[in-house]
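The two complexes that follow have chain A in common; it is paired with chain B in the first and with chain C in the second.
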Partner chain A sequence: MKRLTTAGVHLFLILASVVSLFPFVWMLIGMTNSSSDILKGRFSIGSKLMDNVHKLMEMTNLGAASWNSAVIAIIGTFGTLLLSSMAGYGFEIYQSKGKSRLFGLLMLSMMMPFAAVMIPLFRMFSDMGLLNTPTAVVMPTITTAFMIFFFLQNTKSFPRELLQAGRVDGLTEWQLFTRIYMPTMKPTYAAAAIITFMNYWNSFLWPLIALQTQEKKTLPLVVSSLASSYNPDYGIIMVAIVITTLPSILIFFLLQKQFVQGMLGSVK
Partner chain B sequence: MERKWNKSTLMGWQFVALPSALIIIFSFYPMLQSLLLSFQSGKGTVYHYVGLDNYVRLFSDPMFKQAVLNTLLYLIIQVPIMLMLGLVIAHLLNNPKLRFKGFYRTAIFLPCVTSLVSYAVLFKSIFAVDGILNQMLLSLHLIHEPIAWLMDPIWARVVIITAITWRWTGYNMIFYLSAMQNIDPSIYEAASIDGASKTRQFFNITVPMLKPIILFTAIISTNGTLQLFDEVVNLTKGGPGNATMTISQYIYNLSFVYTPNFGYAATVSYAIVIMVAVLALLQLKVGGEKR
Partner chain C sequence: MAKKKWLSVFVLVTMAASLLAGCGSSGSESKTAEGKEAGNSSKKKVVAWAWDPSFNGAALKIAKELYQKEHPDFDLEVVDMAKADLEQKLNTNLASGVKEGLPDILLVNDPNIQKYVTAYPNTFADFTDKVDFTKFSPYKVEALKIDNKIYGVPFDIGVTGMFYRSDYLEQAGYTAKDLENITWDQYIEIGKKVKEKTGKYMTTINPNDEALTSILLQSAGSWYITPDNKGNFVNNPAMTETLRVYKAIADSGIAKPVTGWSEFVGSFNAGDVATVVSGVWQVSSIMDAKDQSGKWRVAPIPRLNVSKAVNASNEGGSSWFVFNDSANKDLAMDFLAKTIGGSSEFYERFLKENGGVGSYIPAFSSEAYGQKSDFFGGQSIYRDFTKWSTEVPGITLGMYTQEAKDALKNELPNILQGADLTKSLANIQTLFEQQVH
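So, the complex of A and B:
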């Protein structure tokens, strides 16, 4: 009986794993096939990989799109990390009534649907003449309540004696933050960096609104516009999807522990 | 001492001021703008106040009703399926004696690394009429003729629900798994000695202990589903007809696809605001009652 249950459990988990992994295998195989083969469900490695890559290079400005995605994700991640950790640190270390009220208010923004702010944001950036720039994409989420909360929760386990020791050594409050807090909290920063990078790298709706010309588009926008054309070429699309997904998969396998920690956020 | 404390409290503001200001500028201020805009109408840059006209229009707008209905349908069907599936898988993987659990966990979690656009497009190719899924189902004799997944209103919704479940089950599983690891194993040992089966242990120990985290995942999933956009746009474009269109997509269309009507779009967006708030309160009330 017990053996049977174990076999059943494995069967179920194998099925779940196969379903989970199938689209990844499908995209890797699809990359080597022509569009019509993909749509006919051909499930074997073909010989069209180079064709697809060449066509993708011809049809889209892949270099520019990758560059745009990278610039947005990297600048966004650095900005978010700095600003959110400052706030999380400030709210936790220098507690006061006013600050905790402000913190409570900021947390409300987590419940604000993006659809409700996107039109005013669009008009705001349009008025500032910043539409179609990476700045417009990065700015609205450069500090989020979620990330502030993440740093605040992790700061709770930060050893405060270190700050006292630093003060005795004559460090200013800013130096305490940059020279003591930041190096001590490296694992927290790593987890936050991964999750923020992924959010920027994969974001779609706001870049779709904020970026208008072809040469400013990011990778997800390129994938989406290739797929929504009248006669989409899936061979090309698969290559674009693989390129879009690759950085995330690499980060995941290289930094699995921090990755999962970042996903879990401040929930313990 | 007192003075020093005050000084240190004041110093904290230099850390929180700028980030807080940014959230106010990019979240609270637009929320307010949106509210004001929802009472206005116009085109281009000229807008004037029209009172409650937009809200009146909302209640007689068939497209809005359809979008709300679709969104709620995804919510009611997809979120419970996904959370239960995540919970069951986490429970199975939490068994310390289970072999290959590292592999299973990684495999089931992996969909979380894909971008929403990419996986939506991948699913679109898998669910093509002559595509791989139909081929497989045909060869297994589960169906007699190919199903036009994305051309049929019902099947298209099934595909979207399947796709979202594929992407997010592992994400929720990870939350449950980490919470389960914090449950003291001696509780299970005691239950085993008392003769409680694994299934009973799951329902009588694991689920109650995980209640706060289940509530948390329910709230974030609800929030996410109410804002659903990327998947639907890239899988079905809201079609066939408007059978799969979500509220967010309708707002996008009203603002940037049809003749722009920011005022009415803002009104529709406040429907999501209200739904998010009401559902979160409801879940907190239901989920928090026993605490």
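So, the complex of A and C:
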């Protein structure tokens, strides 16, 4: 009986992994085929990989786009981690009047769809003269209610005795944060880093609006412009998508262990 | 106490820093702008937004080369974007009233013309006296006309044809003659025979795509909405006939159901269907299947069984706009008027290099338009397409084409399941009026 259930569970898991892996396999096979072969549904490795890569290089400035994406994602991730963890730490560790109300207000902001604030935001950045800069892309989402909440939740399990011990040893509040809190919470930071990096790396709508010239475009914008010509070349698009997906996958595998730990809670 | 003081100092410093940073960056911004202008005194640069680098973007590059012969100091930058992205950016800019980042020249999809010009008055330049519009196919100019002013330069057209596999139709016993000047009911009969003899579908059908209904409506000089932007679903014989034909095609079993664009293209690239009714721009996708060379031909599309209906229609097409507030407005307008608005050479090169067909009549008699295509069995397909393009009925696309199409799509499944057509059309009309008014 038990063996039967294990077999059932395994069967289900195998099916689930086939379903979730299929798009990746399709993408990898697609980048070696010509567009019309892809449309015909050919599911075997072709010989067009170098052709597709060459054409993609000719059509787009991938180097610049990757650089732009990287700058935005890296600055954005570090900024978000620092600011959100400070906010989450502050909300949980320090006591003050009206703290819970303020936090409620912050949570409300999660319910505001981005499309609703986009036009005012666009005007603001235009007035500040920041349009078409990485700053404009990073700023609006550098602190999100979600990330603050994430750090707050994880801080709940942070042992406060460590802070008291630090205070006795004469550390300042800032030192407590950087020397005790940050190293202890590594797994939380790792999980937050993956989520934030992927958000910035894949973000589309706001970069589309805020970035205005060809040379400032990020990778998702380049992929999007490839996909919408009248007669799109799917082989080229597949190569571009593989290049765009790789960094996210790499970062995930690098931080995978910490990510799982972080999602389970930093301190056990 | 000391802690509080420290905090206020910190807040002050941050504020000052952010202020300075703001000044600094806006300072450098204006500097680069000045630098650009200084650089531009020798070369005048115009910026254009377009959405397909191998089609409309490529067309601008041809136009640039032609214009530079007379104006060596002219320069053009084409910013390529996806069409939906371009529209998103444009709407954000126009709705927020921010001019920064807008180009001088803009590519507009024909169904959006009326919407943009009406929703954002005085935003786009009036071309009425800048271009000789009598040299363009009338239906194309009609789409650009609002209150007797013409707001752009006509560009590519989507005159339709019925692409067909001559080998499949031959097997079913039909010759090219049998496909000329037919009605949709005859088309369905031919389709049944083809299915029986070859086992191939006659066409594809996709209930989420309104391309076929649009083609049918325009071929009868009708549209989803009236010129004064009312729903045109009830008491419209062309609409009733269009949906009857649509249902008949679906019911007859000659159409392969597809769910999206790639499946649609895949079905004819894989040789699953005998005909494709589509705009002339479909030529490039059809020619992607190199193994099918010599097997394809093009005939006029079938005709609806209503008065005024013809064997010609249009699917898609776009035009060029210039912004009224653009710093280079006169230059941008002159550039478009001299090239895309009045150069046969431009249209010949656009066809030869990118397979693009325009509506500029003087170019139709050129050698480029007369070329025979081996892929299409030696047929002069562009001569045929341009001949049909002068027969396409002119219609006003109005402001709410998309809303009307959505209302139709909502009811289409019921129609296909055999609901009463008159009732369904009344439902669509009500839904549309609710959405728009």
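FYI, the second predicted complex is superposed on the first by the 236 of 268 C-alpha atoms of A that agree within 3 Å, B and C clash if a C-alpha of one lies under 4 Å from a C-alpha of the other, contacts with A are read in each partner's own complex, and residues count from 1 in each chain.
Going forward, a contact is a pair of C-beta atoms (placed from the backbone, for glycine too) under 8 Å apart; a residue touches a chain by one contact, two chains touch by 3 or more.
Since this is a predicted model, take the numbers as computed values, not measurements.
Participant: Using the overlay on chain A, decide if chain B and chain C clash or can fit next to each other.
Facilitator: After superposition on chain A, which the two structures share, chain B runs into chain C.
Participant: Touching A:T213, do we find chain B (first), chain C (second), both, or neither?
Facilitator: After superposing on A, A:T213 lies in contact with chain C but is clear of chain B.
Participant: Contact-wise, after the overlay, does A:A165 reach chain B, chain C, both or neither (first, second, both, neither)?
Facilitator: The answer is neither, since A:A165 touches no partner chain.
Participant: By the touch definition at the top of the document, which applies to A:S224: first (chain B), second (chain C), both, or neither?
Facilitator: In the superposition, A:S224 contacts both chain B and chain C.
Participant: Counting residues of chain A touched by each partner, does chain B or chain C come out ahead?
Facilitator: After superposition, B is the partner touching more of chain A.
Participant: Considering only touches as defined above, state whether A:N132 meets chain B (first), chain C (second), both or neither.
Facilitator: second
Participant: Which holds for A:Y94: it touches chain B only (first), chain C only (second), both, or neither?
Facilitator: first
Participant: Given the touch rule stated above, what does A:L39 touch, chain B (first), chain C (second), both, or neither?
Facilitator: In the superposition, A:L39 contacts both chain B and chain C.
Participant: Looking at the overlay, does A:L28 come into contact with chain B only (first), chain C only (second), both, or neither?
Facilitator: neither
Participant: Does chain B (first) or chain C (second) touch A:M57, or do both, or does neither?
Facilitator: A:M57 contacts neither chain B nor chain C.
Participant: Which of the stretches 23-31, 59-67, 131-139 or 203-211 of chain C runs into chain B once the two complexes are superposed on chain A?
Facilitator: Superposition on chain A puts chain B right on top of 203-211.
Participant: On chain A, what residues does chain B touch that chain C touches as well?
Facilitator: Shared contact residues on chain A: 39-41, 118-120, 122-123, 205, 209, 224, 227-228, 234.
Participant: Of all residues in chain B, which touch chain A in the complex?
Facilitator: Chain B reaches chain A through residues 8-9, 11-16, 18-20, 22-23, 26-31, 33-34, 37, 89, 92-93, 95, 98-100, 103-104, 106-119, 121-126, 128, 130-136, 166, 170-171, 174-175, 178-179, 182, 213, 216, 223, 226-227, 229-230, 233-234, 237, 247-248, 251-252, 255-256, 262, 265-266, 269-270, 272-273, 276-277, 280.
Participant: Note which residues of chain A are touching chain B in the complex, please.
Facilitator: Chain A reaches chain B through residues 9-10, 12-14, 16-17, 19-21, 23-24, 26-27, 30, 38-43, 83-84, 86-87, 89-91, 93-96, 99, 102, 106, 109, 111-124, 139-145, 148, 173-174, 177, 198, 201-202, 204-205, 209, 219-220, 223-224, 227-228, 234, 237-238, 241, 244-245, 248-249, 251-252, 256, 260, 263-264, 267-268.
Participant: Tell me, which parts of chain C touch chain A in their complex?
Facilitator: 22, 25-26, 29-30, 51-55, 77, 79-85, 88-89, 92-93, 95-98, 100-101, 262, 265-266, 269-270, 281, 284-285, 288-289
Participant: So in the complex, the part of chain A that touches chain C is made up of which residues?
Facilitator: 35-36, 39-41, 59, 118-120, 122-123, 126, 128-133, 135, 205, 208-209, 212-214, 221, 224-225, 227-231, 234
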